C-alpha cells in the first residue's frame, strides 16, 4: 500500500462515504422536520430501512473486496503470515490493512442484522462503527515506527480525524439522531478521505519532484493544509446539507 | 507470576467472568424485553438478586484465594514486605498482585452488601468495579520499567482493555442497565482474558522456540493480534447474546 | 506577528470578546430569571436575535480585516505561498494566522445564517465555535518547534485556555443555555486575551530589559502568573455578572 | 514548605475536609431518603444552609491564615516577589502555595455568597471547587522540574487524586446531589490528605534513615502504597457513611 494508489483508493472510499452519509442524514433530518411535505415517498420507515440495508451491503462488499485484494493481489501474502524458512513475519502491512477492512465489514454486517431482525438496540451500529474507527486509529498509531518525520506527522494528523470519528460515533450511541453529531462525523469522514489523497500526493508524488521529508517548513505547511482540508470538508457538508434541505 | 501459568490463570479467570457476565446481561435484557414470556422463572427480582449474591461470593472467594496464593505459595513473601538484613523491599510483584486481587474482592464485598441491605444506591457496585479496574491498570502502568520492548508493548496493549473497562463501568454508574455498555464491558473483559493467555504464550512459550523480544516485526504482529483478539471477543459476545435471546 | 503589537492585538480582541459575551449572557440569564421585570425592552426574542446578528457581523468584519492585514500589510505574502525561485514555503506564519481568522469568520458566518434563516439547529453555532477554537489550538500546538524554552512554555499555557474554550463550547452543544458553562467560556476567553498581552510583554518587552528565556525560575514565575490571570479573569466575569444582575 | 511539617499540615487539612464532607453528604443523603424520620432537626433547608455558611467560613479563614503564613512566617517573602539587587525571582515556592490557598479561599467566598444571596445557580460552588483543584494540580504539575526521581513520582501520584477531584467536582455541576460522586470526591480528598503525610514521611523522614530517592524498588513500593491509601480512604468513607446512615 506504500504507493499513490494505495492512499488514493481508501481516500476515495471515505470521500464517497462522507458524501453519502451527509446526503442521507440531511434528508432524514429534513423529512423529520416537515413531516407533512416529504413523508409520502422518502420518510417512510420502510424505505429508510431499505436504504440502510443497501448501504451496508455495499460497505460489506467493498470490505470483502479490500480484504481479498490485500491478500491475493500481486505481491500479496495469499493468506500466508509467517515465512518459516527465514523465520520472520511477512506481509504485515497487507495483513494490517485487511484487519482494518475486516472491522468495517463487521460493523456493516452487524448493521445489516440490526435492520433485518430486531435482535439488539439500534444504537449498536454506531458502537460498532466507533470500534471500527478506533481499531483503524489503533493500528495506524503503532504503524509509524522508524519512518521519516513528515511521513509520521501526516499520519498522526490523520489520527485526529480517525479518533474524532470514533469519539463522535460513540457519543451517537447516547445521542442518536442528533443531526449535529451526524454532520460532524460526516465532516471528519470527508477530512479523512481528502487527507488520504493529500498523503498520497506528498509522499508518493505521481509527477513532479519529491518532497523533502525532513524539512520542518514542509511540516508546518502540511499542518496548515490539514486546517484547509477541514474547512473544505465543512464547506462540502454544509453545501450538501443546504441543497438537500431545499 | 513471571511464568506461563501466572498469566494463564488470571486470563482464564477473566475469560470465565466475561462469558458469565455476557450470559447474565443478555438474559436480563431478554427478560426485560419480553416480560410476558420469560418472567415466570428467571426475571423475578428475587432470583436476580440471588444470582448476584452467588456471583459476588465466588469473586470474593477467588480473590481471597488469589491473595493467599500470592502470599503463601512456594516463593511467596508470607506477609513479609521488607528484608531488614539486606535493607530492600522484597516480593514486590507478589504484593502488587495481591493488591489487585484485594480491590476486586472489595468490589465484590460492596456488591454483596448492596444486594442484601439497601444501604446505598445500587450503582455503587459499578463504581467499585471501575475503581478496581482502574487500580489494576494503574499498578500495571508503573509495573513496566526496565523490561524488554515486546514485554512492555504487550502489557501496554493490555491497558487499553483495562482502562476501557474502568471507563465503561464508570459510564454505567450514570447509564445503568444500558445493554450496549454492559456488552462492551463483557467484550473488554474477554479481550483482557484472552490477551493474558497471549502474553503467556509469547513471553513464556510453554514449548517451541523463544520469541525475539526486541524485533520490531514481532511488535507489529502483536499489535495486529490484539485487533484479532478484540474481533474474537466481539464474536463470542454476539454469539452468546444471540443464543440467549433465542 | 512576532512582535509586541502582534500579540497585543489579538489579546485585545479576545478581551473585548470576553467582556461582551459576559455582559450578553449575564443579561439574558437575568431576563430569563425575572421575566416580569426586564422583558419589556431587553428580553424579547427579536432584540436578542438582532444583537446576535450585530455581534457576528462585527466578528466577521474583524476576521476579514485580520486576514487581509496578514496578507497585504507590510511584509505580508500578498497571497503568495511558495517561493519558486528558492523552492521553499514562505510567510507560513502569516498564512497560519490568516487560517485561524478564517475559522472564526466561518463560525460567525454560520451563526449569521442560523439567526436569519432556520436552516439548522441553533446549537450549530457553538459547534462551529468549538471547531474554531480547536483549530486555533491545533495550529498553535504544531507552531512551537525550535523556539526557546520560555517561549514554548508560555504558548503551551495558552493552549489550556484555547482547548478549554473548545471543550466548553462543545459541551454547550448539549447543555445550551447553561449559564455556568457560558460564564466559564467567557472566563477562558478573558484569560486567553490577557495572556496574549502577557506573552507580548515577556517575549517582546516594549521597554526595559529582555527576559532570560532559558531561566527555569522565570518559567516557574510565568506558570504562577497564569493562575493569577485566571483569578483576574474570574474576578472580571463575576463583577460584570453581578453588575448586570443588579 | 520543603519539610515534614510543610506536608503534614496540608495533609491534615485535606484529611479533616474529607471526613467532614463525608459526614455532611452522608447525613444529607440519609435525611433525603427517610424524610419522615430525620427531618425534624437536621434536614431543614435553613440548617443545611447554616452548616454550609459555617463550613465555608472556616475554609476561608484557613486559606487566609495559610496565605499569611506563607508570606510572613519565618523565611517568607513578606509580599516581596522580585529581588532587584540580584535580579531574580525569590520565594517562588511560597508564592505558589499562597496562590493555591487563594483559589480555595475564592471557592469558599463564592460559596458563601451563593448561600446568603441567590445571585447565581448553586452549582457554581462545585465549578469553583473544580477550578481550585485544577489550579492546584496545574501548579504542582509544573512544580517538579529537576527533582529526584522518587520525589517527582510521589508528586505525580498526588496529581491522580487532585485532577480526579477536579473532574468529579466538574461532573457534580451537572449531576448535583449524586451521592456516589460526592463520596468519590470525599475519598479522593482523603487520599490526597493521607498521601501528603506519606510524602512527608518518605522525603523528609522525621526519624530513622533517609530513603534512597533513586532506587527503582522504592518507586514500585510507593506506587503500591498509593493503592493502599486509596483502599484506606475508601474504608474510612464507607465506615463513616454506614455509621451516619444508622
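The letters A, B, C and D name the chains in turn, as written, and every chain counts its residues from 1.
By definition in this document, contacts are C-beta pairs under 8 Å (C-beta built on N, C-alpha and C of every residue); 3 or more make two chains touch, one makes a residue touch a chain.
Note that the structure is a prediction, hence the values are computed from the model and not measured.
Asker: State which chains count as neighbours of chain A and simultaneously of chain B.
Answerer: Chains touching both chain A and chain B: none.
Asker: At the interface of chain B with chain D, does the proportion of residue numbers present on both copies reach over half, so same, or stay under half, so different?
Answerer: Different-residue interface.
Asker: State the superposition rotation angle between the two copies chain A and chain C, fitting on C-alpha atoms only and giving a multiple of 5 degrees from 0 to 180.
Answerer: Result for this pair is 90 degrees.
Asker: With chain centres defined as C-alpha means, what is the inter-centre distance between chain C and chain D in Å?
Answerer: Measuring from centre to centre gives 32 Å for this pair.
Asker: Determine the centre-to-centre distance between chain B and chain C, using the mean Cα coordinates as centres, and give it in whole Å.
Answerer: So the centre of chain B lies 45 Å away from the centre of chain C.
Asker: Quick check of your reading of the touch definition: is the inter-chain graph here a line, ring, star, complete or other?
Answerer: Graph shape, chains as nodes and touching pairs as edges: a ring.
Asker: Hey, which chains are touching each other here?
Answerer: A-B, A-C, B-D, C-D
Asker: Per the contact definition, I'd like the list of chain B residues that touch chain A in the complex.
Answerer: Spelled out, the residues of chain B in touch with chain A are 160, 175, 179-180, 184, 215-221, 223-224, 226-228, 230-231, 234, 238, 241-242, 245.
Asker: Using the touch definition up top, name the residues of chain B that touch chain D in the complex.
Answerer: Interface residues on chain B, with respect to chain D: 81, 88-89, 92, 95-96, 99, 102-103, 106, 110, 119-121, 123-124, 127, 131, 135, 138-139, 142-143, 145-146, 173-174.
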